[in-house]
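These notes open a run of structures that come right after.
Common to both upcoming complexes is subunit A, partnered first by subunit B, then by subunit C.
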Partner chain A sequence: MVLAQILLNGILLGGLYGLMALGMALVWGVLNIVNLSHGALIMLGGYVVYYLFTIGGIDPFVALPIAMLVMFAVGFLLQYYLLNLVVRSKMLNTLLITFGLDVVLTYLAQLTFSADFRTINPPYAGANFALFGLTVPSVRLAAFVVAIVLAAALWFLLHRMALGRAIRATAQNLVAARLYGVNPSVLYAVTFGIGTALAGAAGGLYGMIANLTPYIGASLTAKSFVIAIIGGLSNPFYVIFGGIFVGIAESLTALYIGPTYSDVISFGLLVVVLVLRPNRTLRTS
Partner chain B sequence: MTKDILTIKGLNAGYGAVPVLFDLDLTVREGEIVSMVGSNGAGKTTLLRAISRIIPATGTMTFDGEDLLPLKPEGAFSRGLVQVPEGRQLFGHMTVEENMMMGANRRRDGGVAESFERVYALFPKMKERRRQLAGNMSGGEQQMCAMARALMANPKLLVIDEMSLGLAPVIVDDLLAILTDIRAQGLTVLLVEQDVFAAFSVADRAYVMETGRIVREGPISELANDPAVRDAYLGAEH
Partner chain C sequence: MNRPLLIVSLLVAAGLATLPWLGSDTMIQFGINALLLATLAQSWNILGGFTGYVSFGNSVFYGLGTYGTAIAMTNYNLPFGVGLAIGAVVAMIAALLVGLPILRLRGPYFAIATLGLNGAMMAIFSNLPIAGSNIGLVLPLTRNDAMFYELALGLLVACSLTVLWISRARFGMGLIAVREDEDAAGSMGVNATRYKVAALVMASFFTAIAGGIHAYWSTFVDPASAFDSTLNVRMVISVVFGGPGTVLGPVIGSFILSTVYEVLASQISTAAALLFGVVIVLAVIFMPKGLADILRSRRNLTWRYFIRNIRENRL
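Entry: the complex of A and B
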């Protein structure tokens, strides 16, 4: 029973992990930018939801779409005016600029929001219900459902809508996309905006489950990176599966080995995946 | 006389400080197939990049009565100047149908379904293969897919770069036949080719380009009998 409970916790947490990685995988696959500031954007999204909830009095789940719009705008502007300078350039350039962005965002957040721990604490934060003898925490279940819904929405966008088709086309053949009416700088900005909006949603959900501080970004970037590689860049659902895989592995590690080792496991898994299936990982859409 | 769809006068273009095209004049009239021939490095692809507004250029370029120079690539495309690029440049991980939908990317006229029917009639094989990934098809099929994608944009001028490159002669013949069908539907084509035989077999007029300049131009009947053209491009036996 303990094992089943741990598995459930891992799956629910893993959905959120998957959502965290979703935006990173999208941006990586289309723009070839490994966004080291992704975790900082998740953090920022968390604060947006936090302030919408505490100051605006808006229910955090209602605040999520608002935060996504705000973060879309943030991402669009970042890409259009800054990251378009390095898009499809050498990996080192993109790593440097996004690392710099991570530092700037983190310390701007510290200046603006202070270093205090914050939690998004709606009245139902501690609610849970029993199912087949297991305890299901309502907020975590809701976060899991939101993650699945957003992954499905991203899949639908990429595979069934004209905008998504243009995004995939540009990832596959920039020359042809330009000849066929795609303006790459705008399309890249929209893509990064979508990735940032997804990060924002993940941040809001994260803030309901764990503490927000300006410094959570780096470790969330690392986790998203691992999951994006395990899940691959080709399909949003694979990314969610990657997240669930890591979530379960971390939960089991915390139970049987010790919570301090959970990061060891997620990066250990990364090494195993890279050794076993090196070609699968970085295939784009 | 029919109206000019593309008029280029005194065009200079190149890459950074390296000039490639010198004072180039070119006219394409509505409903004709004009071919631009020349060997490797003559500047044909550069000319197409300038026409598609991918590289900067000076001189005058008018497309369908509108100044082409200030336009961006997507602007030229949405006005009906559509290119089939050299090497096909398909979206390899997308299906044939999705590639064709990318051709109709900028269309808001509601005629996309009708275009699908028309293009599938020209390329029945593309209809059979519509669910296949474009990257998994043979070279000839990929060229068909690239042409089908371009036609989905409902072009006023179809610019084809090196259609025959790397394809078996029998497939080139098929494509040339389709090109004739396309022209019969009233479409204007600018065909840029190294294969002078192929180009001359379908075109009404041709330009011969060498090192960034037009060295000969005229109706095919005239050019095919021009001793200089025959020696350089058509071989001695002709």
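Entry: the complex of A and C
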């Protein structure tokens, strides 16, 4: 029974992990940028929802779409005015610039939001219900559902809409896409904006489940990266599955080895996956 | 690096060696920190600068050197030198164990694989009774800043000479070949993984010694200070700002940044950290080849240099 409960917790948490990784996988697959500031953008999204909730008095789940719009704008501007300047250079440079961005965002957050722990705490935060003898926390279940819905929306956008076709075409062949009338700087900015909006949604949900501090970025970036690799970059649902896999692995580690090691396990998983399948091609959008 | 420049650098190093007799206590202490940071940057340069493999896990070797020295001196009452050696050996073994699997990965895979290293090590050392768990260890007190200063300076010189040797040796050529085109390097008979692991092990040696010196100097070690990820940030920035893959760039870059940081940190510490991030972003956009390249082409340096850098890389 304990095991079943742990598995359930892992699955619910894993959905959120998958959502975290979704934006990173999209940006990586299309723009070939491994965005090291992704975790910081998740953090930022969390704070947007936090302030919409505490100051604006808006229910956090209603605030999510607003935060996604805000974060879309942030991501669009970042890519259009900053990252587009270096996007063609070696991967070393895009890694470094997003790393610098991560440092800037982290300390800007510390200056403006302070280093205190924040939690998005709606009145129903502790609510749960019983199902087949298991306790299901309502907020976590809702976060899981939101993650699935957003993954489905992303799949629909990529495979059923003109914008998605343009994004996929650009990922395959930038020059050819340009010949067919795609404006790459705008398209890159839109893609990065979508990735950032997804990060923002993940941040809002994260803030309801765990503590927000300005420093959560780096570990979330690492986690998103692990999941993006396990899930691959080709299909949003695979990324969610990757997240669930990592969520279950973390929960089991916390149960059998010790909670301090749950962060270590995702690193271990990453090494195992990379060593077993080092030449896996990820860019197959 | 040509001969006159080498002689000037060695003369500057000799001049710096006289500081303990001339400078104030504060200056010596600032000097120790700056020299140790320059050593860390220089060792990061061995892998990051020459092969282009960005490591965010070098602070792990610093932490291992710190703990190796601290455990040897407090738990086993061994002398400082032995402690340093133990720390260095442990770090090199760790570099080998970590490097062999993850240096087979290319570019971004390696970089992010190292992102998790620091947190993993911190979790392990927080639960290790021999390392004082969460509380940490207190080392025997030695008030001899001049000795620590000279040790740090000696280490930086040794590390820089190693990098100078690398920049001229067959080994360094192999590393640069890996950076420019790993497949081509492989077809020319360069065993890329072996070269990269060797570079990481060399880097871990100097990084660990720097950690050991800092541990004995500050007389206190705990997981948060030993596995401080901001240390890694500073290594990366110093090298990127100064000039990756050059001999003097990382040293000059880290001296400048240490000075700026010291001035700013006395005002507000967050602003200092923020500045580091801004420096990386601007450096990548305007001078991706670092300060060293600007100094080299100073004769025909105009604003066009920076425009050209942008034009080469923008969409």
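Throughout what follows, the second predicted complex is superposed on the first by the 280 of 285 C-alpha atoms of A that agree within 3 Å, B and C clash if a C-alpha of one lies under 4 Å from a C-alpha of the other, contacts with A are read in each partner's own complex, and residues count from 1 in each chain.
Here is the rule we go by: contacts are C-beta pairs under 8 Å (C-beta built on N, C-alpha and C of every residue); 3 or more make two chains touch, one makes a residue touch a chain.
Keep in mind it's a predicted model, so treat the numbers as computed, not measured.
By the document's definition of touching, of the two partners only subunit C reaches A:225; subunit B does not. In the superposition on chain A, contact is made by A:181 with subunit B only, not with subunit C. Once chain A of one complex is fitted onto chain A of the other, the partner contacts of A:273 are absent, as it touches neither subunit B nor subunit C. By the touch criterion stated above, A:172 is placed in contact with subunit B alone, subunit C being left untouched. When subunit B and subunit C are set side by side, the one touching more residues of subunit A is C. Once the two complexes are laid over each other on the shared chain, residue contacts for A:260 go to subunit C alone; subunit B is not touched. Of the two partner chains placed around the shared chain by superposition, subunit B is the only one that A:162 touches, whereas subunit C remains out of contact. Look at A:90: by the touch rule set out above, it reaches subunit C but stays clear of subunit B. Note: no residue of subunit A belongs to the subunit B contact set and to the subunit C contact set alike, using the contact criterion stated above. The touching residues of subunit B, when paired with subunit A in their complex, are 52, 54, 72-74, 77-78, 82-83, 85, 89-94, 98, 101-103, 105-106, 149, 153. Subunit A meets subunit B in the complex at residues 162, 165-166, 168-169, 172-173, 175-183, 284-285. By the touch rule above, subunit C contacts subunit A in their complex via residues 52, 54, 56, 101-102, 104-105, 107-109, 111-113, 115-117, 119-120, 123-124, 126-127, 229, 233, 236-237, 240, 270-271, 273-274, 276-281, 283-285, 288, 310, 312-315.
Listed in rising order, the residues of subunit A touching subunit C in the complex are 34, 36, 82, 84-93, 95-97, 99-108, 110-111, 184-185, 188, 218-219, 221-222, 225-226, 229, 258, 260-261, 263-264, 266-268, 270-271, 274-275, 278.
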